[in-house]
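What follows is a structure written as structure tokens; I'll ask about it next.
First chain written, first letter: the chains are A, B, C and D, and each begins at residue 1.
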């Protein structure tokens, strides 16, 4: 199980590097798809089937959009070389963040355990133990996202709504009225 | 976009029933089994995306006009917000699950406002995801038309 | 008529979907929800649903379908062994190519069923089809590139049954 | 009042959900509805500030940390009032100004979503919820920046979206780290957990650094400012007013100070980091602004410079609290927050002025204008008030906040900071003299003979803000007002960890 986890992580990492580095846009898109499916399998390993379902379906939709966009635009190749200076600077910065990251991830506790043990009962335990009693929903995730933290879900639905309105606004055909139309 | 061959068209019109039914199942049973409004909504949207790929844009436009789709989007959002406000009116506070003791645990009718919220979110997510894909494809056609003229 | 057929059909699918949840017992709430959902699908989406609804109400067609399934499996198995033989044979006796065949089937579902039957049989693959009833088949071992003869060899065995089922 | 807290978020949200249903024909009804909603919010905000009530609202009747809570304290109330004020003016201005564009109902919907997002950020007591509402406000602003759909607008919007998303990802990652370390998302409980365990460890320090970078990107402090000079000028004028006037402050400065002061606790290092960010922003923003030839771009750079003042005051407060000089710290923070409110008023007024000028002349280039004083008398008058205020000429509001900042710096012994404040004020004077010289004085070009001023709601919005510019000075002069409006906000920040005791209650 654990070894599978690391293999999956490695797979995702390699796919991500290829997606960024390749010059063929179509293979980049396919790598992004591979990352998405890797992530959804990861969610299954972490016992989150809800998120895995959503991840897969969204991934499929996203792939359709991206592949259609790449193919129909005939932009399968990108040209141009990278600047040497920029590459060096980003490599240095990434290396520094990597060093800090190692130190930081040392402090992160085992999966599911908060570092600072708390005296009182944390929220997550209540969700698991009393979720069914308090909300009546057998699916704990539903009881969290639609009852305990329903306000967050309203926010997320609004994020989606905002991006839709934003997309329709940005992609509308005519943005300004002609001078004559201004009364 | 004219759509694909007869094979694809026929298969997708058969499969569409299954997908829509599965989406409805995921939404309605969201409080009992994995799934819920978000996942179910995406599944509903994907059935229409499949139809769009198979039959072409005009066919789908006839079946689910863009204006109706954006109305459904708004309607779902308003419905979800209204469930929150109903909690304020009938219950103790905003987003209060004022029906939570209605029905028996582990049955379809249980856990108060959660299934209602799932339906509202499913409507909202389904409509808006389809809208996104539709807008993106429509936009591309317009820009290519400009080039040809 | 058409809607009520689809209502029943979708309701059956619904019951199959919810079977694991219902735990073998009949739950009235699930049944009512199923009727509502099926009615929703059947009424709202009726004009996108397939047109060959009459298949489901005719016992004769269903009988032919039940006969067709084992026949089809027989052909698939036979073709499987054929392909395995060709793949394992040291000289690889294959002669790939694309042939054109003619079909007399008219309805969309029937043509689709034929094309899929051909594709599912190892060794043959439907590549494209034209408006006037011709199919292009990729064949692992082209025995004849004549339209009539190729139709005989590839499509005839399925076509007869599919015609009984759909037309 | 506490029972009405969700109204600040839900009323604009529901209105925003309904607005797209109004088609072309319902345009006027949509405008009236949106204006009514914003006015209602203004009334609610005034009530929230003047009733002086503070407390928490538990959503869904779940006690924290099970559910999400809304917190109304002095700082939130002040921010709510600032948001509602600027939004009212911008909304009134839009009623006429946005007639040049299509899709007005969607514009109004996005506007209300942005306001709802900002109100949500300000009220939220939950760190993830804060992120969600921050995303709503950001997404709405990306779309609004590109509202004109021209090449320049779309490029600016895209740049803004990329950098804004980078900031959001930093914040989200940091939220995840904090949750991993403390096992709770409620801000008060996070703070309590950190206190009980004797401060920050390496992971939480990294999270704090990520928060500073993320909120710094949203606030456009100088190393992270690249998006602002493109985004703010490209937006329609009322949106520029909202972005410069209040969005960068809510998503940037408010969230930053809430996280630094109330959750993680101040330290000498964070204090000085914030001071340095503020000083760099002040100086570089001012230098870049002087050279601009585009009216709105000049104002955008000036915003960077002015946000530097706000951040400087807050950082100075953080550094001084750590030294134990609480009185001086509250003076510095008072200066910072007062400048925040002042800048919200006069910078939005300046952007509305620029909108009025652009509508009359059709250009934003300074060298193509001139002699407009006779043609646009009201715009000229309000612009003069706003400029005097931003430069810091005595009776106007900007003077008082800068004075407080200078006094705080001198009393704390940092004479060089005071010197920099004065120097940047001089730079500000130069840039606004330049604006007046090129726009209102000099020769009127042939092309602009027919320029005429738009009266009605646009003028009313500008006059409203100009009056505020003058009246804001009274906030510090009249004794009762400062205690009611500014002091509670200052107390929230100087109080630091008091926040967690206030939210959880004495027993927790």
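Points worth noting:
Note that a contact is a pair of C-beta atoms (placed from the backbone, for glycine too) under 8 Å apart; a residue touches a chain by one contact, two chains touch by 3 or more.
Small disclaimer: the values here were computed from a predicted structure and weren't measured.
The innermost chain, defined by the distance from its C-alpha mean to the mean of all protein C-alpha atoms, is A. When the C-beta pairs in contact are tallied for A-B and for B-D, the bigger tally goes to A-B. Remark: chain A and chain B have CA centroids separated by 21 Å (rounded to whole angstrom). Annotation: 39 Å between the Cα-based centres of chain A and chain C.
Each chain gets a centre from the mean of its Cα atoms; for chain B and chain D, those two points are 36 Å apart. Inter-chain spacing, taken between the CA centroids of chain A and chain D, is 29 Å. Counting only residues that touch two or more partner chains, chain B has 32-33, 70, 73, 77, 81, 84, 94-95, 97.
With touch defined as above, residues shared between interfaces to two or more other chains in chain D number as follows: 13, 17, 20, 59-60. Across the complex, chain B meets chain A through its residues 26, 30-39, 42-43, 45-46, 49, 53, 70, 73, 76-77, 80-81, 84, 94-95, 97, 100-101, 103, 105-106, 110-114, 117-118, 121, 124-125, 128-129, 131-133, 135-140, 142.
Across the interface of their complex, chain D is touched by residues 100-101, 103-109, 114-116, 118-119, 122-124, 126-127, 147-152, 154-156, 158-159, 161-163, 165-170, 172, 174-177, 182-183 of chain A. Those residues of chain D that touch chain A in the shared complex are 13, 16-17, 20, 59-60, 62, 65-68, 99-103, 106-107, 109-110, 113, 116-117, 120, 126, 128-129, 132-133, 135-136, 139-140, 142-143, 146-150, 154, 157, 177, 180-186, 193-194, 196-197, 201-203, 206. For chain C in complex with chain B, the residues that touch the partner chain are 6, 9-10, 13-14, 17-18, 21, 27, 29-30, 33, 37-38, 40-41, 45, 47-50, 108-109, 111-112, 115-116, 126, 128-129. Of all the residues in chain B, the ones that touch chain C in their complex are 5-7, 9-11, 13-14, 16-18, 20-22, 24-25, 28-29, 32-33, 51, 63, 107-109.
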